[in-house]
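Per-chain numbering from 1; labels A, B and C assigned in written order.
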Amino acid sequence: MGEGAAGAARVVSFLTDYGLDDPYVGEVKARMLSVCGEIRVIDVTHSVERQNVLHGAFLLYLSYRFFPEGTVHLAVVDPGVGTERRCIAIRTRRYWFVGPDNGLLYPAASEDGILRCYEIDLDAYPRYGGETFHGRDVFGPVAAELACGASPKMREVDPETVQKLDFGRPVVTDRGVRVRVLHVDRFGNCITNLRADELPSWMRYGDTFSVRSAGKEVRARFARAYGEVQPGKFLLTVGGTGFLEVSVSMGDAARQLGVRPGSELVVEQNEVGSVDRG
Amino acid sequence: MGEGAAGAARVVSFLTDYGLDDPYVGEVKARMLSVCGEIRVIDVTHSVERQNVLHGAFLLYLSYRFFPEGTVHLAVVDPGVGTERRCIAIRTRRYWFVGPDNGLLYPAASEDGILRCYEIDLDAYPRYGGETFHGRDVFGPVAAELACGASPKMREVDPETVQKLDFGRPVVTDRGVRVRVLHVDRFGNCITNLRADELPSWMRYGDTFSVRSAGKEVRARFARAYGEVQPGKFLLTVGGTGFLEVSVSMGDAARQLGVRPGSELVVEQNEVGSVDRG
Amino acid sequence: MGEGAAGAARVVSFLTDYGLDDPYVGEVKARMLSVCGEIRVIDVTHSVERQNVLHGAFLLYLSYRFFPEGTVHLAVVDPGVGTERRCIAIRTRRYWFVGPDNGLLYPAASEDGILRCYEIDLDAYPRYGGETFHGRDVFGPVAAELACGASPKMREVDPETVQKLDFGRPVVTDRGVRVRVLHVDRFGNCITNLRADELPSWMRYGDTFSVRSAGKEVRARFARAYGEVQPGKFLLTVGGTGFLEVSVSMGDAARQLGVRPGSELVVEQNEVGSVDRG
């Protein structure tokens, strides 16, 4: 195997809810380097909401696709650590995914195409302290082994037994579509569960729509770039995420709409004859 | 080219206003690694104030000089993403700079010495989603190509057409100098736009000066180290940044002075015969 | 020397109180890469409380052990920077430690076994700006030199002269033990100074104990995993840190107890005949 190929095969992406204020992320990396000195770890984020598996699954789903083929995706949001939930590794078409079997890995892995699933043999991975840090003691070492081409201690299981999870389906109504906000980013962009390839046929670039949250209603233009509307105005975009987003040019849509992850929004067509006040 | 030289040439420095809570920084790195598996990315900071180009330009200016020759500086603070602002790469004496043509790169690049400028050919870099994430879809891949010695799709342009930006000049008055705070760091140090090599001749180490913000006035000793004054006392230093800073030993000068980035401060000599109450 | 060995020998762990919002961490890494292009830097954390040497020493102590042999641990929490406190490097059984001689390195280094100590020759390391950023100007370059097998400018000193520091001893009382909280993590876990190998003989897994903070008293089960108690219930664990922790399953123990780093807690046995209301 050539150097280039080896390099490409040794990337580990890393996503958790550990935060960066504690030494936990560093400890996992230290353990991984102890297992295999040749890996490269790329942090996706460690700011998943604490123990929010859905949130973690969504951020992993957004980001996994940009990594080079052969990347091992290590993801840990694990409120059930130490209980009977399994530790798993999933081989997909282009990647490996390693983490707890609680749905976290499923949306990304199933989209990429699950080939094989494995249950990690916990007895083979010693814990330092109690059963509270499988990221460092189990998942990290397994991810490092996979990235380096070693064989972790695990046994194949039926892919159908893997815990499933989905982001909810947008609900099409008479004149609009009801979507769920799955993530609010630093810029206040509200990222919804409506994928670009599922946009209603009546949503056309340049048109203006109404966006309703609980108690608020604004008008937003469907645009390709923030700069297409005046600063302070709402817009709808297919953001860099590939999902419909609600934004404010040079502003903070989430704050203005009072929206948080989990909130619902309704996007509606203009009434016939309505005047665009946007 | 030897291994060492190659290693030195493949560093990418990375500065944005993306924050670390979203997967954006990870996605850019993932794309870069997909373009070139051999690069090393060093984060400068991703906490530039949202869409504050001046702030980003200053932090880039402070830090770029410490990187090894050949480093590609990737910087993205880009409120105009998707509009007609250009995507550029600048070759300087020791480095490359890649980012939006909105002034962000100018102070650092011009200080290092601009040799050539290029406009990136947007058609050559596919966007995933809309025109909202050129960091991942355009700038990152171009930076990775440059770091690896590949040839990005771009055409040379007149360096004079690059958007300029400066940090404002300190204003010398009768008895003092009026400076602008460009950054407040974690320790509450207020970093001003007065460079060490432009200090007034009357500023001598060991002397005490008055420092005025809007509505507050304190006395501060010009010192080489925080420990030269008592805990809780104000001091002036030429900090690790190479600019004049206002600090409090073991305290938070910004909070005590009510100062934020953009605030003005006046540093004045003692009146003749004044008693040093510091 | 084989590739693997070289790789393993060139890891630098990095812990500071610099935060990630300023360019300081990036500048130190840039300087290190300029000294030696082959090192790998792993961030432990940069969120040590500002200028809190005890807090930094504890986080270093928790994490250093997970790094591969030969790692250079670079740690900087340095309120005395620029004063007469020494800059030191310590050779231990498995590692190097580099930082200020203020106790920060001592608990980790002494546990690993101090072999030799060195005082860094400040004259050999030029400062950019004043005497305020030895992390970038002195410690970083020395750590990089050590990681690459170069010889920093330093002279051997008596290990007995190194500044000592300890985390305080738990105090055993009639019916319990008084411990100090040394760190509160993102999940609200309160990590104490009671080590797993020093647990009182009366603490047995599955039993329930009383935990008192100033003004609050709760009952907590001594468990191996968070999931062993109901969500919202307190528990005691030997966490991933190897120290006794007080936690709430799916909750935030520090907030509920009103506890911060430095707070004291008392863990007591049940009274004979008491009814477990936990």
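To be clear about the criterion, a contact is a pair of C-beta atoms (placed from the backbone, for glycine too) under 8 Å apart; a residue touches a chain by one contact, two chains touch by 3 or more.
Computed from a predicted model, the values in this text were never measured in an experiment.
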item	value
Set of chains whose contacts include both chain C and chain B	A
Proportion of interface numbers common to chain A and chain C (over half same, under half different)	different
Distance between chain centroids, defined by C-alpha means - chain A, chain C (Å)	31
Residues of chain A touching at least two other chains	20
Complex contact set, residues of chain B against chain A	17-27, 29-31, 33-34, 37-38, 50-51, 79-83, 128-133, 136-137
In the complex, chain C residues that touch chain A	4, 7-8, 11, 13, 15, 20, 40, 42-47, 59, 62-63, 66-68, 71, 183, 185-187, 196, 223-228, 237-242, 250
